[in-house]
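Note that subunit A is present in both complexes that follow, paired respectively with subunit B and with subunit C.
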Partner chain A sequence: MFKKLKPIIKKEFRQIVRDRRILAVLLFVPAFLLMMFGYALNFDVKHISLAVYDEDRTPESRNLIEQFIHSEYFDWNYYLNDKKAVDKLLDNEKAKLVIIIPNNFSKKLKRGEGAEVQIIIDGANANTASIISGYVNSIIQNYALKIISEIFQHSKVLRLNIPLEPRARIWYNPELKSAKFLVPGLIAFILMITTVISTSLSIVREKERGTIEQIIVSPIHPIQLIIGKTLPYMLFALVSAYLILTVGYLLFDIEVKGSQFLLFMVTLIYLLAGLGMGIFISTISDSQQVAFQISALITILPTFILSGFVFPIKNMPMFIQVVTYIIPARYFLVAIRGIILKGSGLGAFWKEVVFLLIFNILIFGLSWLRMRKIKI
Partner chain B sequence: MTKIYHLIRKEFLQLKRDKKMLPIIFVAPIFQLIILGYAVNMDIKNIQLAVYDLDKSSKSRELIRGFTNSGYFTLIDYINHYQELDHYLDYGKASLVVVIPNDFAKKINGRETAQVQIIIDGSDSSFAMASLQYATLILNRYSQNIVLELIRVMRYQGLRIPQIIPQVRVWYNPELLSKNFMIPGVLALLLMVITALLTSLGLVREREIGTMEQLIVTPIKSYVLLTGKLAPFVLIGMIDVILVITVANLWFKVQIKGSVILLLLLCIIFLLTTLGLGLFVSTISKTQQQAMMVTMFFIMLPMIYLSGFVFPIENMPKIMQAISYLLPLRYFVVIVRGIFLKGVGIKELWDETLLLFLLGIFIFSLSVMRFRKKLG
Partner chain C sequence: MSEEVIIVNNLSKKFGNFTAVDNISFSVKPGEIFGFLGANGAGKSTTIRILCGILSPSSGKAMVAGYDANREAELVKTQIGYMSQKFSLYEDLSVEENIIFYGGIYGLSFAQIEEREKWIIEMTGLAGSEKRLTRELSVGLKQRLALGCAVIHQPKIVFLDEPTSGVDPVFRKNFWELINQFSEQGTTIFVTTHYLDEAEYCNRLMLIHSGRIIAGGSPGELKARYITNPILKVECDKTLEALEILQKEEWVLEGSIFGAYLHIIVREELEAKNKIKEIFSERSISLKRVDRIMPSLEDVFISLIEKEEQSNRL
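Here is the complex of A and B:
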C-alpha cells in the first residue's frame, strides 16, 4: 500500500512546486490576505462624527456638550447655526449623530422641570446606531445624576451619593479590540478558501488534460489516490496555517493563550475538511471553471457569513442555523477562538471537534463513492 | 449593427448551451440573497447572563429583575462560588456575569454608593461593547429610580430638582434592523461578482479554445467585437439587479425609498467599472484558472472587505482608507444604500456618482486599449 503511495505523493509534490501560481495561492496569498484585511476589519465604534445645534447657548447647554466631547467616542465636527443643515449632514453621511438643544434648556433645568434634548442618530447601520444610542443615553444619564447630586450637596437637607457604581471588567480581550475576535475568523476563512480551491483545481486539471486516466488505468486504489493527492496539500496548507498565525502574532498581537498541541490538532482536522471538500468538488466537476465556481460558491460567502465569523449564529432564523451545521469553519472558529483568546482546553469545545470529524468522514466517504462510481 | 446583433446572439447561444452556467447566473444570486438576508444579522438580543448574588436581599433581587425584564438579557443561571464564574465564561455558557456584593442592600439603604461588578466575555468585541452598554443602562436606571424617589420627597419640601430627558430619534432605519443595511450592500456585491467574473472568463475561454483568433481574422472591427462580447453581460447584470430588488422587496420587505430608475441608471455606470475590470483581467491572463485567481484575490476579496460593505471604512488605518478610494464598490455601496434607505436623489449622491463615473471611464478605456493591443 505505502509503496504505491510514495510515487503519487512525490508526483503531486513536484506538480505543486512546479506550478508557481498554485504554490503562491497555497503559501503566500493567505499571509498576504491576512496582512491586508487584518487592518481593515474593525468594528470599534469610535470617532463618531457629531454635529451640535445649540439653540440655547448657555453655560448649562455648553456643559452638556462638553460631556460628549470629553468622552472618547465622539469627534465634534460640526457646530450648526441652522436647523436645516441637519438633514443635509445626515443625508451626506457627514454626521452620524446630531444633538439639538432647544432654547428653553437651561430655563427648564433651573426651574426643575424636565429639560428635553433632541438626539438624532443615523440608523442606516443598525449595529453602530444601537451602540451610539447606548453611549448617548449613558452620557446624559450620568450628567443628570451629577447635577442632582450637586444640588443635594448644597441643600444639606439630605445626604445622597450616586446609588450604584458599575465596575466593568472585560475578560479575554480587555481593550475590546475587534481584531482579536476577527483575526481568528479571518484565518479560518482564508485557509478554507485556499485549500478548497487549490485542491479542486489541481485534480480537475488532471481530468481536463486527461492525465488522470493514466493514473486510473494503473493498479492504484482510489483510496490510495485520494491519500496521495491529499497529503502534499495537507503539508503545504499546514505550513501556510503557521505562516498566517505568525503574521497574526507579529502584526496583530494575537497570542496563543492555550495549548499549541491542541491548536495544531484542531487546525489539522480543519484543513482535512477543506481538502475533503476540494476533492469532492473535483469529482463532480469536469472543467476548472465549474470547479472554481462551485468552490467559490460554497466557500467564500458561507464561510464569511454562516460560520459565526462576523454574524452571530444564534441571531439567525432556525432553518439557516441548521445550514450552518455543514460549514466546517463554524466548528473551527469556536475551537481556535477558545484556544487563542481564552486559553481553554478540549473540554470547552470537544463537541465541535467531534462534529468536524464527522464532517470529514462524510466528505471523504462521499468523494470515495463518487470516485468509484465515475471510475476516476 | 447587424454584426453586433449576431455577436450578441452567439454569446447567448454559448451561455444557453453551458448548462451549469445558467443557474450560476440567475439562481445563485437569489439563493445568496436569501441566505445572506437572513443570516446577516447583528442585532443584539438574548445576552446570556449569569448572576453571582452574594447579598440575596430584596434589593439585589430587584436589580436582577431589572436585567431580566429589559428584554436584552436571558438569565442562564445563578452562580454560587467565585470559581464557577471562570467556568461559565470559559465555556461560553454566559457572556456577562453580574456580581452583587454582600453589602449591597446595606449600602443602598444607607444612601452610600454600592459597587456592582460586571464581568464580560470580551472576545467578540462589538457584542461585548453593546452588552456593556445595556448593562450600564440598566444599572443607571436603577440608580435613577432611587434618586427619583428621593426627589419626590425633596419636592415635597419645596426643592427644585432638574432632569434631562433625551428624546432619541433614529433616522432611515427606525427599528434598527440590520437587514435594511445589509441587503442593499448584497445587491452591489452580487452585481460586481457576477459581471466581473463572467466577463473575464468569457473572454479568456475564447482565447483558450482558440476561437478568439477566428473572430479576429473576420472583418469585424474591434469595438464591434467588444460591444458584442460585453452587451450580454450588461443585460444579465441588469436582470440580476431587478431580480434582487424584487426579492428584497417582496420577500424581505426592504423597500426602495428612492427612485428605481435612478438606481438602474447608476448600475449601468457601475457596470462600466466591473466590465472594465473583467476585460482588464482577461488581457493579463492566459488561462481561465489565472483569470479566476486574479479576479478572486485581487478584485473580489478586497471589494468585500475594504468597500464598507460590512466593515466601516472610517475605522481602517489611513493606508487602507486610501486604497478603498480605488474600489468602485465603495462608491456604489453608498449609492445603493442612499437610494434604498434614505431615498436620496442624484443631488446627494453627486460626489460618489462622479467619482464612480471617472473611475469607470479610466478602467474601461485602459482595458479597451490593452485589449486592442492584444488583438493587433
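Here is the complex of A and C:
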C-alpha cells in the first residue's frame, strides 16, 4: 500500500513546494490572517472619545468629570462652551459620548435633592453603545456612593456600610481581551478554508489537465491516489495550525492551557472534515474555477457566521440554528476553545468530537459514492 | 492458447438511450499496429476505455493480454500503456520528475526507473533537458515524453488515443517512426486517429461509424476491396455547382469535394472524361484538368460512410 502511495506523495510535495502561491496560501497566509484579524477584529471598547459641556463649573462638576478621565476607557477630547456644538460632534462621529452637566448640579448635590447629569451616547453601533452605557452607569453610581459615604462620615452620626457589593471575577480571559476568544476561532476558520480549497483544487487540477486519466489506467487505485494526494496537504495544514498558535502566543499571549495531545487529535479530526469536503467538491466539479467557487462559498461565510466564531449560536433563530449542525467548525470551536482557554478535557466536549466523527463518515461516504458512480 | 492479444466479442456500450459502441467484434495480433479509425464521437474512445478497464461494457466481452478487461481490470492495467491526446504530463514537474513519478506508480524499482529514464531520454532526444520543467517543452517533445512515460513499464500493448492531434506534421512523422520501432520489437499498438493519412502507417485498420465497424483490413486491402471503379480528380471552377450537376448523371457513382477539387467515382474512365468535358462546356464551367488518381484512404472512408448512411436511410 505505502509503496504505491510514495510516488504520489513525493510528486505532490514537489508540486506544492514548486508552486510558491500554494505554499504561501498553506503556510503564511494563515499566520498573516491571524495578525490582521487579531488586531482588527477587536470588540474591546476603549479610547472612547468624550466631550463635556460643563455649565456648572464647580469643584463638584469637575470632580465628576475626573471620574471619567481616570477610568481607562475614555479620552477627553472636547470641552464645550456651547450646547450647539454637541450635535455637530456626534454627527461627525468625533465624540461617542457627551456629558452635559447643568448649572444647578452642585447646588442640587449640596441640598441633597438629587442632581441630574445628561448623558448622550452615539447608538449607531448598538454593541459599542451598550458597553459605553455600562461604563457610564458604573462610574456615576460609584461616584454617587462615594458622595453618600462621605456625607455620612462627616455627620459622624452613624457609620454606614454599603449593604451589597458585587465582587465579579472573570475566568479564562480575565483581561476580557477579545483576541483570546478569537484566536481559537480563527484557527478553525483558517484551517477550514485552506484545507477545503487546496484539496479540491489539487484533485480537480488533475481532472482538468487529464493526468487523472493516466493514473486511472495505471495499477493505482483512485483511493490510493486521493490518500497520496491529500496526505501532504494535511501535513501542511497541521504546520499551519501550529504556526497560528505560535503567532497567537507571541502576539496575543495565548497559551494552550489543556492537553497538547488532545489539541492535536481534535485538530486532526477537524482537518479530515475539511479534506472530506474538499474531496467531495472535487467529485462534483470539472474545473478549478468551479471548485474554487464552491469551496469558498461553503467555507468562508458559513464558518465565519454559523459556527459560533463571532456570533453566539444560541441567539440565532431556530431555523439557522438547525443549519449550524452541518458546519464542522461549530463542533471544533467548542473543543478548541475548551482546550486552549479553559484547559478542559475530553469530558467537556466529547459530544462535539462524536458529531465531528459522524460528519467525517458522512462526507467521506458521500464522496466514495460519487467517485464510484463516475469512476472519477 | 489463442495468438491474439486483444479479442473483442460482440461488445456494446450504452449510455442511457445512446449506443456508443454497437456490437463490435475484432481481434489484434501481437506486434501489430492496429488502427481504429473514425470521426469524433464514432465510439473510438469508448472502445479504448473499455479495453483499458476503466469503463464497463453493457454487453459482450473484451480480452486484453489474456485477461478479461472488465473483471480483471487490475491485471489488464499492469500489461498496458496508455497515452491520450492530452499528453498527461505534470507541467509543473521536470522531465526527470515526470519519469520518476510514472515509474513509481507502475511499481518499478529505483534501478529500473534509472535504466528506463536513460532509455526515454535517449528516445525523446531530451538529453541535457532532464531538469527542465515540462511546460517549457514544445508540443512535439511533450508528446514523445508522454509516450515514453506511457511505456515506462514495457507493456505488451500500448493504447494511443489520438496521439498526434495538435502536433505539427514533421513531429507526426517522427512519432510514427517511433511507433514502428515499438512494433518491430514486438509491442502491440492500438491506435485511434481521425487523420486518414496516418492510417496508412497501420498494419490493419477498422473503420468505425456510429458505434459500428463498417470495414476492416490492411490499407491496401481496403482500397482494393471497396473502390474498384476509377476515381477522377476534377479541377474546375464553381465546384459546388459542378458537383451537383455531375451527381445527377447515371455514370457518376459517387462524388465529393476534396479541398479545391472534386473526386468522383465513375463507371469507366474514358467515357467519363469525355462526358465531363461536354457537360462543362454546355454549362460554361471552365475545366482545368481531369486525372485518374489512386484512391486514398480518405476516398475509401468517405465512400464507405456514404453507403452506410444511405442504407440507414432506406
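Rule of thumb we're sticking to: the second predicted complex is superposed on the first by the 358 of 376 C-alpha atoms of A that agree within 3 Å, B and C clash if a C-alpha of one lies under 4 Å from a C-alpha of the other, contacts with A are read in each partner's own complex, and residues count from 1 in each chain.
Simple rule for what comes next: contacts are C-beta pairs under 8 Å (C-beta built on N, C-alpha and C of every residue); 3 or more make two chains touch, one makes a residue touch a chain.
Just so it is clear, the structure is predicted and the values come from calculations on it, not from any experiment.
Undergrad: Figure out whether A:G112 sits in contact with subunit B (first) or subunit C (second), or with both, or with neither.
TA: First partner only, subunit B.
Undergrad: Mind working out whether A:S218 is in touch with subunit B, subunit C, both or neither, as first, second, both or neither?
TA: Touch status of A:S218: second partner only.
Undergrad: Identify the partner contact of A:K4: answer first if only subunit B is touched, second if only subunit C is, both if each is, neither if none is.
TA: So A:K4 only meets subunit C here.
Undergrad: Using the superposition described at the top, determine whether subunit B or subunit C touches more residues of subunit A.
TA: B
Undergrad: Applying the document's definition of touch, where does A:G210 land relative to subunit B and subunit C: first, second, both, or neither?
TA: second
Undergrad: Once chain A of both complexes is superposed, is A:L26 in touch with subunit B (first), subunit C (second), both, or neither?
TA: neither
Undergrad: Return first, second, both or neither, reflecting whether A:P312 touches subunit B, subunit C, both chains, or no partner chain.
TA: Once the two structures are laid over each other on A, A:P312 reaches subunit B alone.
Undergrad: According to the stated criteria, A:R14 is in contact with first (subunit B), second (subunit C), both, or neither; which is it?
TA: Second partner only, subunit C.
Undergrad: How about subunit A: which of its residues touch subunit C in the complex?
TA: Counting only subunit A, the residues touching subunit C are 3-4, 6-8, 10-11, 14-15, 18-19, 209-211, 213-220, 375.
Undergrad: Mind listing the subunit B positions that touch subunit A in their complex?
TA: Subunit B reaches subunit A through residues 20, 24, 28, 32, 35-36, 38-46, 89-92, 108, 111-130, 132-137, 139-144, 146-147, 150-151, 153-155, 157, 159-174, 176-178, 180-181, 201, 205, 288-290, 292-293, 296-297, 300-302, 304-306, 310-312, 314-317, 319-320, 334, 337-338, 341-342, 344, 348.
Undergrad: Across the complex, what residues on subunit A touch subunit B?
TA: By the definition above, subunit A touches subunit B via 21, 25, 29, 33, 36-37, 39-47, 64, 90-93, 108-131, 133-138, 140-145, 147-149, 151-152, 155, 157-174, 176-178, 180-181, 197, 201, 205, 288-290, 292-293, 296-297, 300-302, 304-306, 310-312, 314-317, 320, 323, 334, 337-338, 341-342, 344, 347-348.
Undergrad: Which residues of subunit C touch subunit A once you look at their complex with the stated criterion?
TA: Residues in contact with subunit A: 52-55, 74, 77-78, 80, 82-84, 86, 88-93, 97, 100-107, 149-150, 159.
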